[in-house]
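The two complexes that follow have subunit A in common; it is paired with subunit B in the first and with subunit C in the second.
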Partner chain A sequence: MRALEELTEVSENLENKYVSDWRNQGKKVVGYVCSYLPEEILYAADILPYRITGKGVKDTSQADSYLTRVNCTFSRCCLELGFSGGFDFLDGAVFINGCDHIRRAYDNWKAHQSALPFMYLLPVPHLINPEGRQWYLEEVVKFKEAIEAYFEVEVIDEKLSEAAAVYNETRRLFKKLYDLRAKDEPPLSGTEVVSILSAAAAMPKKEFNQILSELIEETEASSSKATGKVRLLVAGSLMDDPEFLRNVEDLGAVVVADALCFGAKNFWDLTDESGDVLEALVDRYYNHVPCPRMAGEYSRRFDFVKEQAERAHVDGVILEHIKFCDTHGADNALLKKDFEAAGIPAIELERQYGPLADAGRLRTRAQAFLERIRR
Partner chain B sequence: MIVAGCDVGSLTAEAVVMDNGNILGSEIIRVRPKPEQSARDVMEKLLEKLDLVYDDINYCVSTGYGRETISFADSNLSEISCHGRGAHWLDPSVRTVIDVGGQDCKAIKVDGDGLLEDFVMNDKCAAGTGRSLELMSEALGVDVSQLGPLSLDSSEVITITNQCSIFAEMEIMHYLCEDRNIADIAAGINDAMARRVKLLVGKVGIKDRIGITGGVSKNIGVVKNLEQMLGKEFVEFQEDPQIIGALGAAVFAAERVKDLPQRQASR
Partner chain C sequence: MGTENNSALERIVTNFEMASSLPSDLDLESPAMKAVIDAMPEARRGTFLAMYQDPDVRETSVVFNRSSGNYWRSLLTARDEGKKIVFVPFNFAPEIFHALNMVPVCVEVLTTMAQNLEEGVAEYLDLAVERGLPDTMCSTQRGVIGLFEAGILEKPDLLINGALGSCDPNSKAFEYMAEKFDIPALYLDIPYYHDKRALDYYARGFKNAIKAIEEMTGHKLDPDRLREVVDYTNRATELFFEINELKRNVPNPVPNYYNMQHIGTKFMMVGKPEAVEFYEKALEVSKDRLKKGKHVLPEEKIRVLFIYTFFYFDTSIYSWFQEEMGVSYLMDVLSAFDFNPHIDTSSVDTMLYGLAEEMFNLPMTRQLAGSWDMDSNWLWDSLYYAKTYKADCCVFSGHLACKQAWGVYRLVSDSIKKELGIPCLRLEGDGWDSRITPLAVIREQLEEFFETVV
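Now for the complex of A and B:
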């Protein structure tokens, strides 16, 4: 499994070798948060989009001085990395008003001496309707112009179309990978898939696509299959760190599907490659499987999670949220009720992101959930 | 066939030994710093009382926070399954079990066989746990075991509004400075506790009948308040409700030992 090892290594290093290679060619790298940023715009400008993470943070004392007790540990860890120079290899950062926690991480980073030379906040409407779509289009155009002005580049349609094609290829490959996971004998653990997803967000997509294709070939040929385990889907707050799932899978489960914003929610919808490319990108990002930060879209989200659960014929659903993540926390309560009503056991798990990991308590709940399924 | 269950929690450890469907005995101790030591101490104390040795135990299931580290156990199960099973074994009409332990609080639903159907467990917060009762009774200057009886003498329940245990403790200090009646404050503590537990029970929903287990079930004030809030009467267990996790583990052990014929023969 050479390709898997390669991607795991990429996911374990903030400034991985693809980022270094990119920079050594004199090219720029821009960090971003959230799945509502049309990355293709950066890619078309020959800038590497790099999804900001809080992985590997051991202590958040600097961020703690700026944030309140009720800010989530993900935004806390991201801010700590920003403050302590962990993202010094980035030429800029683009944030989204995805939720108040990450927005506050942006405010505090921007005001701090460690702020990157280019800091940008892309506002995304909370309602999905024609007016909101127009507003989002205007904001995306403004963002494109800001990139062009600051980095002295021109984002032409031809380049955008190329980027859209490359990104669609990534999404198609991921669907293929998820088809393999959905099989009776899943060839990959959920822990491994989190590493793959995390690598995808931290390296150029063209190179990633090549390795992912190899990985799919290797996986199809491989004989190591997880059997006799409880099949689970995981949905909820952002997850780019494999430790949480490792803890669950160690107890005799295998995660075979997800509805995460680093996972299926992020690649399920394709960009229409036939018409005006910028309009198509705006449509794709504005209408993709909605995050709970979007108002009034619960039924679409539930339908999506249920579709994923059914196609992978799971035995149970884990609905996790990072402590203080109000958007996912409240959504999970509804999802739990609706999954139980649909006859699929579900559990809500509150967790911490990063160094404050609360392994023992999670283990007890996860073990009891598996005991419930196996009874 | 002698089997055992051992429950190592955050504050206390319990052991139960059963023989062919009868409880031979049980023991409770305060935990030591290491779960393995707690497990050995409580089990040895019980074995000595029953005039048995480790080798007499055909199968042992461990449970509780320290369940994975206990070397003499043959397998482990979550305390959630064990509390449900233990309560149902004592009273087969039980379908909902409220367990308020030292550091956590859970509401457990079981099926007609006493097996786990659904559950909720409090999130990482001490409010609504035995530990917070201890903190509040310390602030009040009474032993935690007195909190229940004391609250029965109250004439006016003082409302403790803070959910956080630390802030609730400060609130109690404030009432003490105001020279308020201690029984009224104790009633307020029990009322606050019951409200926290009710919140959790509401999440999983209630199926009759209900049993309450864990250390806090020994507090008559909390139990009465909770019964009133839920509009239900709890079943009365014939055993100390604090040992029910260990009892459930022993019931599981009795079942699991049947799957190990070769092991039985060797004993």
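Now for the complex of A and C:
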């Protein structure tokens, strides 16, 4: 499938050809972390939002001397790339206080000689309530003004509305793709879907939408099916690297659904296109499927994961978290208990981000889980 | 609360009552007392001697233990008296509950108290993990979760967490407790910034939380009772500010162990007359020591500032500093409250705003919610305390769960060295679990560090 190959290639390169083309037109690229950043504001400013990743890092020795071994490998891999010039193609970076690890990665990068010209942190409240929503709105407005001031652009409502429409289209297309995944014979593996999600975060959405539409058409027309028999959902810490799922799927499973912040959690909710666009964006990002950083929202998170599991008729659930990621680690312990109580087998897997140093251990645990399901 | 024989709380109360029954003219050399001390497990013996060996510290210990014993005892009878019990983290001030006629329990203090159970706390730390909690979570909440799992700690009526944004393990532990043990919970968001806008936001959240507490528990806020509580708070603040003033003296006359008792008082009893009584005694003892030229032994060689927390599984380290090392323990992040406000009691609104401001400046909330180099954040405070109290060196006792502190420790310590020229030691361990780094190893590292400083 041509479209799949194209997106896989995009996902495998930090500065992919779309980023290069964008820059060659004299346009800016800004990196960001977290699903609480309204990307549309950057897009409307004709700046390419590029989701920061730690993919491809072989060792984290520079980052380790600032962040330490108790900080998660994702934050250390991202920082390593920042320190070593891996993100030199970016004109700026925008972080969220998503968790203790990533906000400290920001602190260290900002204080380091490798800091990008524009470094910004948009603080998001940890509670969903009217006061928090107002705070978030004010912060989003401040962020928009900072972008306008630094990059000497004006983010007008018309452009924001266009951006909101483009991003909603991406979300609708992803839902279509996930409908295909949920079929009895899923046409794509979970590994392939992670590559597609990863590409979506690293290229202009308009072009991405076009390729994703082609991919959906090709997939619908194709008779090829993913080979795994045991249907799984994966949920937990950030995942933009397909290797973890490849490891699991090689054992005869197929991941047919997810509840990941690069995945379903990130595109399930649409922006209301009928009213004030900035308010609508704020509502969409603030109220979307909550990350475990949002306190008191556990039941919403469980309901969402369960809904995804049921619509894809999964045989089991993998709850993964990157070591030291307490937000997902604590949530996963609760999710496991509640899934088992609901009669859906679940396993918790603690993993490292980046090079699969512990691939053997994870494989053994995943294998035991699959055997339990097959029994 | 708790009626079974193995109730953790009953046993904690008994321990305190035994300790508080000791007189200030205690003769540690008497054969009977020697036999009691010899029979204690090592960690508990260390803590006991830290409280009772020095006659000056013994005076404050007697007051502190009596007040604490009464406080913990009140938990056992709270429900019979129609009072609801609420568990909070250390960065949620207790006064509002005293004003609401509820009984607050600081989870971190409870885990610390559980260290003195006959069996220690380690098996409960492990049990929490066996039952699902990640082992990378903080042991201060893990201890209480383990006690719940073991069925020897009764559930409170309410959980309230005020650490959102400053510490992920802390806030997630409360959500975990709420969901797993089906306890009603409330949360209070801490903004990333530390300015007027942020304080106003925080104060609005605090007022909303009080409304929710009233609705959930049926306890109502009585303005007169609130004023009485806040008056006690203000008096306690005046007293510990005065004690802090004494710490500026070289040598420092304030006993090292005061810091430990200060934390326990501030996190549980402030807003009550018992807290005032303790601070009055501590001030009296410290003034007397200044007058008599008493300080750490044999002489004050080093003034140390712990820029983070301390080790609580065996508090003999305070007396080791005081009686053997010539090290004056100025304070740590948990016992430093120089930015505690004097609360305006003219109206309910001003009092609630003042209490919110107090909480906004509590440890960790203040230093760790935002960026390390913002005003009123970790570096800013470390420099202030080091300069104000004339520290010769700093120590970072890095608890393994504290990812947000570890993540910028290097930036902070490098800046302290650059700005003030004083070194900082990095220790690794767990304040409530001696198995991670035993006290002997900690002492060895400190000793070596102090040699280089001198």
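Here, the second predicted complex is superposed on the first by the 371 of 375 C-alpha atoms of A that agree within 3 Å, B and C clash if a C-alpha of one lies under 4 Å from a C-alpha of the other, contacts with A are read in each partner's own complex, and residues count from 1 in each chain.
Basically, a contact is a pair of C-beta atoms (placed from the backbone, for glycine too) under 8 Å apart; a residue touches a chain by one contact, two chains touch by 3 or more.
These numbers were taken from a predicted model, which means no experiment stands behind them.
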{"item": "First (subunit B), second (subunit C), both or neither touched by A:S222", "value": "neither"}
{"item": "Which superposed partner A:S20 touches (first subunit B, second subunit C, both, neither)", "value": "neither"}
{"item": "First, second, both or neither for A:L127, with subunit B first and subunit C second", "value": "second"}
{"item": "Which superposed partner A:Q210 touches (first subunit B, second subunit C, both, neither)", "value": "neither"}
{"item": "First (subunit B), second (subunit C), both or neither touched by A:E371", "value": "first"}
{"item": "First (subunit B), second (subunit C), both or neither touched by A:E340", "value": "first"}
{"item": "Partner chain(s) touched by A:K323 [first = subunit B, second = subunit C, both, neither]", "value": "both"}
{"item": "Which of subunit B and subunit C A:R361 touches, first, second, both or neither", "value": "first"}
{"item": "Touching partner for A:N287 - first (subunit B), second (subunit C), both, neither", "value": "neither"}
{"item": "More subunit A residues in contact - subunit B or subunit C", "value": "C"}
{"item": "Those residues of subunit A which subunit B touches in one complex and subunit C touches in the other", "value": "323, 348, 350"}
{"item": "In the complex, subunit B residues that touch subunit A", "value": "65, 77-81, 104, 111, 115-121, 123-124"}
{"item": "Footprint of subunit C on subunit A - complex, ascending", "value": "65-68, 70-72, 75, 97, 99-101, 103-105, 107-108, 111, 121, 123, 125-127, 129, 131-132, 135, 292-293, 295-296, 298, 321, 323-324, 326-327, 329-331, 333-334, 336-337, 348, 350"}
{"item": "Touching residues (chain side subunit C, partner subunit A) in the complex", "value": "132-134, 136-137, 161, 164-165, 167-169, 171-176, 178-180, 185-193, 201, 204-205, 208, 371-373, 400-404, 406-411"}
{"item": "Parts of subunit A lying in touch with subunit B, wherever the complex brings them together", "value": "323, 340, 345, 348, 350, 352, 358, 360-361, 364-365, 367-368, 371-372, 375"}
